[in-house]
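Here is the structure we will look at, set down as structure tokens.
Going in written order, the chains are labelled A, B, C and D, and every chain counts its residues from 1.
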């Protein structure tokens, strides 16, 4: 053993210096005072919509046991502002920039993807086909195999840059959706967005979220997401990015053992703004402690453990 | 205000003295030293299978943030033993006995329902069409509208006793399944069983559950279940029994505000064996504090709060 | 702004609902201003809360950060468990601070409940800069007005109104404000802690043509401007615009907020 | 069996990994026997663990319940935070206890790790009833064998084997057992804490035709026999049967368990 530990992972044609990146919506410019973005595996800004959008009524978040519900409604300044400000801002950093795209229709997804992918600073695109807030009663594109297929294959036509499809966990079979996304040309799958949830205040009798329902994130959901990563890893050959409830290095490692090649960190950054950097350090320390040279040695190992028996 | 508080609720033709009953699998004879079963709204023993069954490999449970995963595999002594011992045991108590039935096929559901419903001591039947443990990769009858419809309508043929369909939350649209169950003749819906989940030990690299995956329960899942109760309450007219993560009186009230007529308590009894009795007292105290005479005044109130705005 | 790990100097109950927390701030180099806040992680010792909780500074100097907080729910309850010598993770200083316009000689503070803590920081700064302070402090009970006497003892003119004395209704507060504004030359007005009082002060300040500011509250996720949980609406010409309380706020020009 | 709320008399570290917890049991009327356990809620003061944790009694009398526990993970770590005067929810006494066959005059205990705590309760009972005790106690380090000396001081014959001394391997333990069984008239054997040692003792006890018992462990949910989380396999004639460790166990006839 040379003592050098390799944290590099490959997502499509992207080589990341380490597997840790932010989850869209829980990261942005305001964090640059706290986190050196150049230490991250990649940067994923908040999802962008075609046109400016005000977002949902407040309260937009509330907490739940070991988790939180959010329904922000993708407040955004629209694509023009994104091209004028957000992309140039992130171009300063030398880690891959992966914009997250949230369209109201397949056409909007295609249009935005085409325009954003043209930007040199953009390394890949995350397609947020899973946001449970956009349409009535929590529906999303990613709930339907066919729609998922159509959306991703149309976006595939307009760019050769890596496409990451962010799936919704609010489905009967995430494996079917995952297969559909890969067939349509997704280079990687983010598993997954938030679980549709609700909390009611027992004093006011009103929902705790202005928009009634929202997405549950945080450690409460990790066991559901680990299960999905495990299932999807058995079914597809593209790299999976595990996302949901990762709070520390051990949680990231659990996700990778289940089959994730990289991880995204959301809620953890609210509790601890330097969580991402600490997770990178904890992964390193774990590898050292277990005398592993390469993070690749972890990916999907829970599967081999089972086959061996 | 008379000072008398009414806790009675109606589930189909069953009048319950209060809305609190155990969730199947987290209740049984061993608790009689701790809990006076006659204080409960109803009793729901562990799901019964047609033939004796050994259950799954250990470890069968593990804990997760604000929750636990179980994969017991419905260990059961089979129907004959159930008729010979379990039903007579519960007949001693004068609260409605609701056996939970878990078949391997529609035919088994029908056969068991017919036989068990003949027992005079049986007040109603809970159909566990949602257990994620029985079939490969966590599938269950309740994941398919058509299968749900067929199963319940066939059981409906063999008994007039109240049928409670216990739905699975692991679906894209619980509303579609709920409607299907009601169309098929279910008198009430239990919303819901556990979320399919997994946890991996970062030392051994093995799943923490012998059977790989299992069902997530406890407060972590409550926001997901509250959302489902709310959605189902908007879509169907039969009483809903809320089940998932209720730990205290306030949690039960949240579930009722979302639209549940009664609640089932599972995991809470593991942390506090007298949780059910305390929840009944806490509901009473809440009603008193809020100067409400009748628990009916709570059911579904989150819906009216929204309409008013 | 950083996530500091600060030692508790003391954390004591000062009235039935209020606690006073003092942290050792000797490690903080940053400039701190009244109206700014810290987002505090209060769950080292208990199962809840899950998220951090935001608290404005009530008082501070080079060596100490002081907070005055009211017990509301799980978060503030958890905070009471910290004792001298314990450490707390506090992220800050965050947000925009109160502005004292040039040549200000006298200001009016209108505060309700925990809003009193937020405005107290401004009162102390004004006091140090020789600016006179008049305060109308509103709360449920007299017991909730613990710091009123402290401010009074510094020579500030403090009017207390409470629900228990039935003096906190809008009409009565309106009367006091009119009285003060007629009697004195108030250069700026500040408010925090109540929508009703904010709307009232908006009317009064525009009527009298006085500069005003308000500090707002909203549930927070990140507290550093990335999650858009904490927004409110601000008038921009004809239109209204959604801004972040943690970043563009919590202090806003009084006439601009839509409450 | 009930869920008692008991005061902590003391809770102290006795070696690097082991702690000794003593609770005021004056409110308990129930009969308690060695081998039984309590399911303890250790999360009043921390975010974890979610479930209770089972611990056998190490020692008890009318006034006290004593537990000896090793720090493993979140649950046992949380337990160390309880201090004199705090209260703990303990559900019990639970499960089946050890049987001392009639006319037993000398017993052999074979324990590993935390299993030593479980067998210690039996050692004390045997001691009080004038039954001689020979113990082979195995652990990682000598430091983990804290109670070996206590038992020795009562006149019991104790053999210590440890990983650090390389004396805990099966061959060496086997040799000790053979030696003991040849030299003495052991009427019954008991084991706890290791699958390997259980299998070894099964072989030895059947070879010598001595009655034996074993106390098993498994993750528990309810601890009162309703959830079927804690099962193990027991030989029944030709067949094997699944039984609950919390109800039919944790003590089982040695020759019956499939480990």
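Convention: contacts are C-beta pairs under 8 Å (C-beta built on N, C-alpha and C of every residue); 3 or more make two chains touch, one makes a residue touch a chain.
Labels paired with UniProt names: A, B = Dihydroorotate dehydrogenase; C, D = Dihydroorotate dehydrogenase B (NAD(+)), electron transfer subunit.
Just so it is clear, the structure is predicted and the values come from calculations on it, not from any experiment.
Considering the contact criterion stated above, no chain is in touch with chain B and with chain D alike. With every chain reduced to the mean of its CA atoms, the largest distance from chain C is reached by D.
Chain A and chain D have centres, each the mean of its CA atoms, that are 47 Å apart. Chain centres here are Cα means. That of chain A falls 36 Å from that of chain C.
With each centre defined as the average position of its C-alpha atoms, the distance from chain C to chain D rounds to 57 Å.
Multi-chain contact residues of chain B (touching two or more other chains): 64-67, 218. Multi-chain contact residues, meaning those touching two or more other chains, do not occur anywhere in chain D. Viewed as a network of touching protein chains, the structure reduces to one closed ring of chains, two contacts apiece. A list of each chain pair in contact follows: A-B, A-C, B-D, C-D. Per the touch definition, chain A reaches chain C in the complex via residues 25-31, 33-34, 46, 54-55, 58-68, 70, 72, 75, 218, 269-274. The touching residues of chain D, counted against chain C in their complex, run 43, 45-47. On the side of chain B, the complex with chain A involves touching residues 64-67, 69, 137-138, 143, 170-172, 195-200, 202, 204-207, 212-213, 216, 218-224, 226-227, 230-231, 245, 250, 253-254, 257-258, 286, 301-302, 305-306. Listed in rising order, the residues of chain C touching chain A in the complex are 1-3, 41, 48-52, 89, 91, 218-232, 242, 247.
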